[in-house]
Each structure stands twice: as C-alpha cells, then as structure tokens.
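This structure is in structure tokens; I'll ask about it shortly.
For clarity, chains are labelled A, B, C and D in written order, and residue numbers in each chain start from 1.
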C-alpha cells in the first residue's frame, strides 16, 4: 500500500519540489482511497479532517440549492486538491459544498491534523505544501471569476 | 390585427404630435398600417385603456396627475417611445428646475393654490423604463417615421448618437464655428435635425440634446477662449436640453465665479 | 517639346472644351464667405483675388493684393465628395409574395471635370483609389466616377499656413496623375498635358508657346512653397512609432481636448469609413441599403451587438491617428495622410496632428514592426448586392440558436463567413458552419434584431446572402500535426466545417482534440456532431460547462481547465468570445504551444465585408479581409489592448 | 324634460391642441355653471425667460406652441426690435410676411381638414374620414398643409420651431432661386384652396349667430406679421400700446390659463372671425372673390373664413415669392439698451401680444405674453351659456357633441394659453 502512495506522490507535479526525504515524510501521512461512483467525500456542513489529491477519475463539487436541483460547481481531475479548507488553522470552516466521485476514483488522502503538525514541525515542507495549496486555490479563484463573467451569456 | 398605436401627451407644446401630423405624405399610410387607437389631438375615437403595441409619449412629467398616466402607458404598451426633449429630459420647461418652484408659481399665477404642479419637470424615463428615446425639439419627422417603421418591421431604428458635425459635413455646409467664428454646439449635440442651423449660417443651439460621449468641457473652454463670458457659456448649455446630465453639469461648472 | 501656355483671359476656352467633351465642371468658388467646391459656370465663378488665412480651428477668406485665381490653400471641401458621395444608395430590395429581389441602385454617371486639383488632393484621390478600386472587391460607383473624371491639376506656388505636403511627398507640385496641369504665372497659365484625354482637351485650347523661363519660374515657385510650408511632419517610420506607443500619455492629453465630433475625418480627403443603413417603407415591401460617411469617432463605428470597442474619446482619437498615419500603410501600402492640413483647420478646438505626433515622438518607446500590405487584386464587382437564396431546413440547436440550411451553390473554406440579410431589417456577418457545395449551413444565435429575424426564418423563406468573405482556418498547415480545437459557446459553429474536414481526411489529421466550453448543458451546439466526432478514434472530445445540474456527467469549469498536455508540435484553432480566446491562447502558450501556431477567429462589426467601410479594423488589419481567422502572434499586441 | 339638472360634460376634449374639459350645468332651464377648464400643465415661460439674452427669446417662446411657433417668434422679434429701435428693411418685412403665411397655411389647413372637417362629415377624425370615402378631401388638405410647411422649411429650416428668425431679421436670407423653387407648388395649392373654400361654404352650419365684440389688429394690409393698431368693435382703432389697458387678463379657479376680458368686463373674440370682420376689404382679390359677406357671426362657420384666409395666405405668398429680390443684410444689429418694447401679430388663432423689459446687458428683465386662446376663453364660456336653450331639447349625446364642436370651432390652442402672467392680476381678480 505505502509503495502505491510513494509512486503516486512521485507521479504528481504537486510534490515535485519536495526532496526525496521530505516526500517520504509526507507519504507516511497519506493513504490511498478507492471510491466507487457517487461515493461522497464531503458533505456540506461537515468539518473536514482530510485533504485529498485526485489520482484517477473525477470528483464533483456541488452546492445544495434550496428548492432547486443540486448545482454542480466544478469537476476536479488528476492532480487537483479536494478539501483544501482543512488546511486552514482551527477552527476549521465547515464545508460549503459537497464533494462526490463522479465516476470510480482513486485519491491520495492526508489526515489534515497530521499534515498541519508536520508542516508546523518542518517549515520547509510546510512552505512547499502551503505554496501548492495556495497555487491550487488561486487557480480555482481565477477560474471562478471567469465563470462569473458569463462570457457565453447573451450580450445586449 | 393591425398593431395599435397610442400618442400620449404630457406637459408640452404639442410640437411632437404636430410633427407626426406633418408627415403629410405618409400620414394616411400610417393610418392604414396601424390602428391609431389613441391620439386625441387627431381623433375623437380614442381608447386610453390600451393595450398598445407602440406608444409615443410627448411632454414632461410636471403635474401629479401625469404620474399615473405614464405608469399606465408603460403597463399597457409593448413599446414605449419617449419623443422629444420634454419627454427625454424635461424639456425647455425644466429651466424651472433650477428655480424656486413656489416663487415661479406666484410669479405666473396670482393664486398658486389653484395650480397643481410638481417641483420639477421630469423626463418620462425617471418614472418608467422606456424602450427608446427620440431626441429633438421637435424630433425630425423623418426620424419619427423611422422609429415607427422600425418598430413595425422589427428592427432597431437607424437613429445615431453621433454629433451634428457629421450631418453638417455630409450636407457640405461650411463650418460656422471655424469659418465665421459663430459659437456652435454641434460637436456635442446629437445629430438628427439635418444640421439645420449651420445650413442657415447659425450656430447649433442643441435642440437635439447631448450626443453620446459629449466633451462639453473642451468645447466650453474653447468658447471662453473665443471670448464668451462663462455666464453666457453656462446659458448656452442651459437651454432646451439643459437638464440633460452632461449639459447640466457643464452649466453648473461655468456658472461658478 | 516647348512648354505651352494659356492666357488667363482664355481660361473660358478650357470650360468650353471640357463641356464639349461632355464633362460637368466642378471647382473652387467663393460662397458664403468660404471657398467651396461646386459646379462652375466659367472663370467668373473662380475665387479671383481671394485667399484664405487658416490656423488650428480657424479659417477666414481674405482679399489678395492681386487677382490670382488659385491663390488659396485647400478648403473644407475635397474631391472626395464627388467620387465618394456623403450618401449613396447601394442596393434596392423588394419583397412581395415570398419573392425577394435584390438589385444594384441606379448610378448617375455624368462625367466630372475637377478643375484646380492640388498635389495633396490628387494624392488623396489616389489613396482612395486603393481602397475602392484596387482591393479584391471593387466599388462600382466609385470606380465608374473615378474612371470618368477628368483632372485639371494646379500647382501650389504658395504654401498655406497649415500645409505639410512637402513632408508627405505629395506636393506642392503635381508631377503625375493629371489629365491637364495648370501653373498660374500671373497673366497666363503654364499648361502640361498628362494623358491622351488631356491632349484631346488641350487641342481645343488656344495654347501658345510659353515664354522662356516659365518652367524655371514654376520650379522656383514650387521651391519657395516647399520652403515655406506652415507645418512639417517627420513621416518616416510613423506606423511602427505609433503602434509602439499605444500607451503613450499624450493620448490622454489629446483626448481631454478632442470633441470626437468627427470633423477631422469628414474633411479628410482620404478617410473612407462609412456605415450601411437599411431603410424601408412601413410595410417592409420596399427596402434599400444606403451608405453614409461615418467616422471612427462615432460610437456606432466601433460597436458590435451592444459591445463598444472604442468607448472612450481616447480610443477613438488613437484609432484615427494610428490608422491614418500607421495602419493605412499595412492596409493599402501608402500613408493615409497627404499633408493637406484640413484636419487642423476644421477641428473646432484646433487639434494639430503634427503637434500630437511630435509630442509622441519626443518621448517615445521603440517602433515596432508592421505587416506588409496585401498585393492588389481587383476581382469582384458589385460586392454589396446580395444573391437571393432560400432556407431549405431549420434545425433548433438550443433555446436561442438555430442552424439554417440555405440552398446556395458556392465554394467556401472553413472559417469564412457570409453576410446574411433580410431586406427591411438589415444584414449581419454569420460564419459558415458547413456546406456541401449545393447548400450552406449557418448557425445563428438570436441576439439582435437581424439575427433574431434570421433565426425566425422557416423552410421556404428567402433571404439575401453575400460572400463568402475572409480568411480560413489553416487546415493545410495542420496536416500531419496534432490539432487542438478550443471552442466556446457559439464559437463552435465557425469550427464545425473545419472539424468535419478533419474527420473526413483521416490520413492528414491523425489526432484532433476538441475542447468545448459552453454556459450550460442546454447551450451545447451540434450534440449529434459531438457524438459522431467522439466516436472517431482519432478524436478526443471534452466538453465542459460553466453551470450544470446534478444530472450532468461531463465536466464543469471553464474551458481552459481542459487545456493540459498540449503536444509541442500541435496547431491550435480557437474560437469563442474574445475573453475566452484570450485565456485559452494564454493557457495553450503556457502549456508550451508557440503563439505562431495558435489561430483565433475574431469578430468585429463587419458592415461591407469587403474592406471598404472601415468598421472592422483591428490595427493594421481588416477583420473582413485579413481575418476573421488570424494567426495569434500577428494580433497579440492588439488583442488585450483596450480600445482595439 | 327641461326640469331638473342636466350636465353636458367632456373631460378630454379631442381634436384640439392641448388638454381641457368643459362642463355646462343647467337646472330648471337656468345655466348654473359653464366652464372651459384647462388642465394642461403650466410651463412658466414668462418666469424663465427672465435673465435670458434677448437673442435667445425667439427660440424660447417658439416652444410655447408647436402649432404656431412662428407667431411667437414674430411677436417677440417685433417687440424686441421696438425695444432696440430697429426698423427692418422692406426685404426683411416681406420675408417675415411670407414666413408667417407659411404658418397660417399649415395651421389653418391642419384645423380645417384634419380637426374641424370631421365634425361636419360625421367622423371621429380625418383618418377615419379618409378611410370612408373622403380620401380626396383629406389628401387635398394634406397637400395644402404641406405647401405651408414647405414655405416654413425653406425660410426657417423646419416647420415646428424654425431656427432662422432672429431679432433684427433672419440668420440667412434665402436666395431668389431657393424661394422660386416653391412657386409652382404654391400656385397649385392656391387652386386647391379655392376649391376647398367652395366646399366649406357649402357645408351646413348649426344656427348660432352671436353678437361678438371683435378684437384684431388693423393696418394697411390684411393683418399678419405686424401692425401698430388694433380695433375693438364699437370702440374704433387703438394704438397697440393700449392693449394691456383695454384687454385685461385674470385668473379663474377652474383653469390653468388666465382669461382676458375688456376693461369694461365684457368678453371678446379674437381670431379669423375678428380679423375678417375688421379687415375683409384688405383681403387679396383671389380671397375676396370667395369670401362670404362680412362679418361672419356664427363660430361654426369659421371654417369658411379659415379657408378664405388660406387662399389669402397662398395668394400673398405667391406674390411675395415672385417679387422677392433681396436687398440689404440678413439682419440688422443694434446694441442692447435698457428699454421696453411691445409688439403684436396675428397668430392663426388671433392676436398675440408680447411685451419685454430688457436691461443694458441685453438680458430680459420682464416679459408679458397674451395669447389668443386665453383671450377667447371667457367668450367660449359665454357661448356655452348662449347655446344652453337649444341643447335642452336635444338628445344628450348629440348636445354634448355640439358643445364640443362649438369649442373646437375656435381652434383653441390650449398649450399656448397656460403659461402667462400679468403682474397686476390680484387687482382685477374678484
């Protein structure tokens, strides 16, 4: 199992900047999760304790809309983070979206508490991890803004 | 069923309606293409209730009784077109918007308690959304016909918000501002009149109101450079379309000592 | 041959000769205290003894101390008004009982003789010739009037206060391009013949040998004029200089003064921009399209269904100056400025382009390289008269998008567009979404009056069609390479024919990746085609939407998220809203694709579609002629430039 | 039937310019209330013309009325020139008269063919009339009207709120060729107007002869753009300077317009009937040949007099165009000075009086404008009272329609009537 973790971590751009030793320390905190289609990773209102990286398959983020059908916000694929808010300092915010597997998926899962403690203890790892999280969050923010622009919408 | 036309009047000189009646060559064709359902200046058969496919509304809102008329017109009309300076921006009578209303009333009428008017002469669009505003005091009759035609055939009217200068140059008129030193508001005024004033050797006095992107400041500076006192520059901007925001702002700037 | 002269008192003979050869004589005359161009009865209508004093924003006629007939600089009017009239009818249309007829408008072809054409103005006529006669499409009205016109040129022996023709190389002498040339030397005119037609008229004149020394007097006069030009302009490298300084602070400075009144453009003898208006009777039975002088200073000129490309006065002035002195060279191989000075005199607030250029030059950044002009290729006449065609099938793609199949036998290249029109409503550019030689498919989104009316057509209905126009997707450059197609919204339509071509030629296109973004699943076009392409093993199709419900199994997110693992030798074809294309090309480049292998399809407000009306300009390009498909690196500088 | 209360009332009068209502209440054969109530919004022109340059006045006062803007411009110009001491050249006076002819033709044709004729032929309006077999008549009217507008446009740029009139003359003089181009159209319209006059004379008019006090300008020519005197029936000819003393405006609570009466309290009539009564001998021969015996005292028959005035205006326009040979400047100039000037012209609907006080800076200090409809308003109410007896035996709807028709015969111009001031109003209000 841990061999699978190490191989997965090596294959991801996300961890490319870590040294071999650092990657090993991180790998010790991770495990692989295989999810069937429609498996729920996160539900709105839960305080998430894990951070996932998608390895295979797609994960959908969705929003419960009162009185309407659930709205899909974003689909996440290989190399993308799910549950990044678990990396925020306590008290961790509760999830504002649902995350579920759109199809059978394999993910790398970290216990957020362990990960934060490791980052705290080893600031070099912490810096790389947090920069990766920030990059992912930043990209998502930009893409969300583009969605907000509604570029395909009807102009007058 | 022919589309139903209404012509409604608020505070005005009736010149816009007269302009419609001045379409001597097309009036009967309009009567054939449209059901002129409400046009009290032209017919005793009228229907204030609607509904209407196209409503032309003339005049400014200047009495309390006109407010429900405008709201009703909007509610009952597929297309509501504000025609003329009064309906666009309050018109010439909006000059009273700068003055003390009570004082004006007492100046004109010895017993103001008989008279019910609002403190300001307002454009129609201040009360309800309008589908189109046709500029001009009065509007050009060809443009008025174009508005009616465009709505009948289903396109946007060919009414451009360009400066009078384009029409003036297309007509081949000599520029009165450059060649004779006659102050002209053409560069900041919306075309549509056919550049009448320069054609009669006179400066434009903006009876079609501000054009899109009117650089009133630069023109006003130029008029002052040419010797017009700021108070006169202010007056020129404060006339028929004086209450239109760009002109209102410019006259306020020039008026300051 | 000895030089010949015509006595001033014999000038009437010139009028007689011109009339005898069938010309209507137009030229300068004093009217309403200005020298204008109008019909002339004879020499008595010329402004004898008058001159003009001009400055920025001022013009006054004054008496001279002699009786010279041509002793004045050019005035507000130019010959443009005769060759390219301010209003002209282009097409007449009639729709009745389902029949639709398009016919070219009748033209008045009475030949004109232009009397008193100065060097700058003759150069200006030749500049406009390039626009209306030397491109692929020939304007028939201009062409007929120009070919018929007889030019009597006049040398300028005195420079005007605002003249800088010497800087622009167009004057003060006239050396070619005339039928006859006059040089006013006191009591006589030195006469030169420049053409066979000129010789024919000259043969009717009582010419005498010119006194010795007249030729030298002419040269001295021209030298004197050259030495006393009221203005100068350093004209070398202007295109690159201006396009290299699009962010220069001087643009803000001039924008504060500029009224955007358009006077400079309308008095300019070379400005050619026009708008096309659809006019109809109340019933929509009779309609016509008219053109009228327009200007880059009007909001309509830079508008496309509601969006305004040049909202600020700064954008418009910069468009004008960069076009006049810069882009023109790339478009037509010549500067658009002849140094006549009209734009300075007739600007109500006296903005002086020579001063503006000098100010930019004083603190400029380096010049940039500009594209060369295309080779002249006159080919198509009556380009504004549509053919009548009928809708044979209508397919509803989404709530507001339909595909019309139109019976029209025409060859086109994927990426090109047609102008589709309805007589009383108007005309719009619509890309070609497919075709089989006997019919063409057009996918139309109902956004405005014309597209709305087109989208409402039913099988059997007639419409007007012009084209095809413009550039195509570089399908030959894609042969053998992986192709990445990025489409957004209705932007898939202009790519459809290209995708079908690639689907039909498996050996040429081994790998095609289609990345398609739309607003919602309900907004996806061509769902059958998408499935068909997806089933082809060479195709990889990925679809993403901005918003979806829980039942959607595809991707959600912006289309740029799909741009990963771009093969380094790929060619990318991108079409969609400009914002989406910008982000997509940037993502492609970030993924390693060089910008010269990314192609985008641009949209501007094409009104004539034949590079005459000037409305679809994008810097040095006409979108209708040089686009709509552009190699991205060629327009990258303007792509994100506000105001272009 | 005649007992009890009967009320004849129309809340929105149609085919008149502007907005008004009337009410006639009769109890037991006695008229209790007869009011013409003008609820048209007031627009305060006299107030905001203060502080404006005298050169802006023609543009401002034109906007009082979209039907007779030229009348306002010409009265203002006349008054302001008097204040400046300017005497227009013969060319300017002739052009001004031609200009005014255009407005008479256009305004009278509008009233005769589009507004008034439907009353006699039994239609709600001209479009309905044209659709039901009277297309020729309406088209003829429109052709005549168009010629009036063409004259206005040629001289003033446009028919509604023309732009070329200025204090001292015009901004530019038309060339003889420009005016000459109108000649044939005017001649044709004159022929058509003669036919129309004969048609109008043949209409049936309700019997309603009234004993009017007529007030109009009088002078050497049929009064139009200029006169220094006015005539009041029974009181002879008076200088125009006496106008405000003789014709006094007062406010009434039921109307947004002021009402004028003579200084002796009597109502009076201004307009075509009054002009005709005082000036029939000065009509153009072509008009005189068609004119009924003067005076005409039945307001319903005013349509005939209007037609005669159309013929007069067209005939005179034709003469003026043919004689036009401009001499002198387009306008005369004079430095502004502190002064007061007054002037009156004959608007299509009657005497239109202006008075301005100006300061040394050339700005207006005070303005007084007396339009024809406010002068006629009291007389209209008196006519309603006079009509009451014949209404009582009539079917209600028909009676009401007859009241409206009576008012319409005056061609009231309600927008004009609503924005004027006399400073001594308190004094004369009961």
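For the reader, a short list of remarks on this structure follows.
Operating definition for what follows: a contact is a pair of C-beta atoms (placed from the backbone, for glycine too) under 8 Å apart; a residue touches a chain by one contact, two chains touch by 3 or more.
Predicted model only: the values in this text are computed from it and were never measured.
Note on interfaces A-C and B-D: more C-beta pairs are in contact across B-D.
Here the chain at the heart of the shown protein, by mean C-alpha position, is B.
Per-chain Cα centroids separate subunit A from subunit C by 52 Å. Subunit B and subunit D have CA centres that are 25 Å apart.
Centre-to-centre separation of subunit A and subunit B, using mean CA positions: 60 Å.
Spacing of subunit A relative to subunit D, judged by their CA centroids, is 84 angstrom. Looking at subunit B, one finds that residues 201 touch two or more other chains. Viewed as a contact network, the protein chains form an open path, each link joining two chains that touch. Going by the touch rule set out above, the chain pairs that meet are A-C, B-C, B-D.
Across the interface of their complex, subunit C is touched by residues 26, 29-30, 33, 146, 148-149, 152-156, 158, 160-163, 165-166, 169-172, 174-175, 177-181, 184, 186-188, 201, 212-213, 215, 217-219, 221-222 of subunit B. Across the interface of their complex, subunit C is touched by residues 58, 60, 62, 69-75, 77, 102, 143, 146-147, 149-156 of subunit A. Touching subunit B in their complex are the following residues of subunit D: 12-19, 39-48, 52-53, 56, 59-60, 63-67, 69, 106, 110, 114-115, 118, 124-128, 130-131, 135, 138-139, 142-143, 145-146, 149, 156-161, 163-164, 166, 170-172, 251, 253, 256, 258, 330, 404, 415, 419-421, 425-426, 429.
Note for the complex: subunit C touches subunit A at residues 305-307, 400, 445, 447, 488-490, 517-519, 523, 544, 546-558, 560-561, 576-577, 579-580, 583.
Residues 9-19, 21-22, 24-25, 27-28, 31-32, 36, 39-46, 48, 59, 62-63, 65-66, 91-93, 95-96, 99, 104-105, 107-111, 114-115, 117, 121, 137-138, 140, 193, 196-197, 199-202, 205, 207, 232, 235, 239-240 of subunit B are the ones that touch subunit D when the two sit in their complex.
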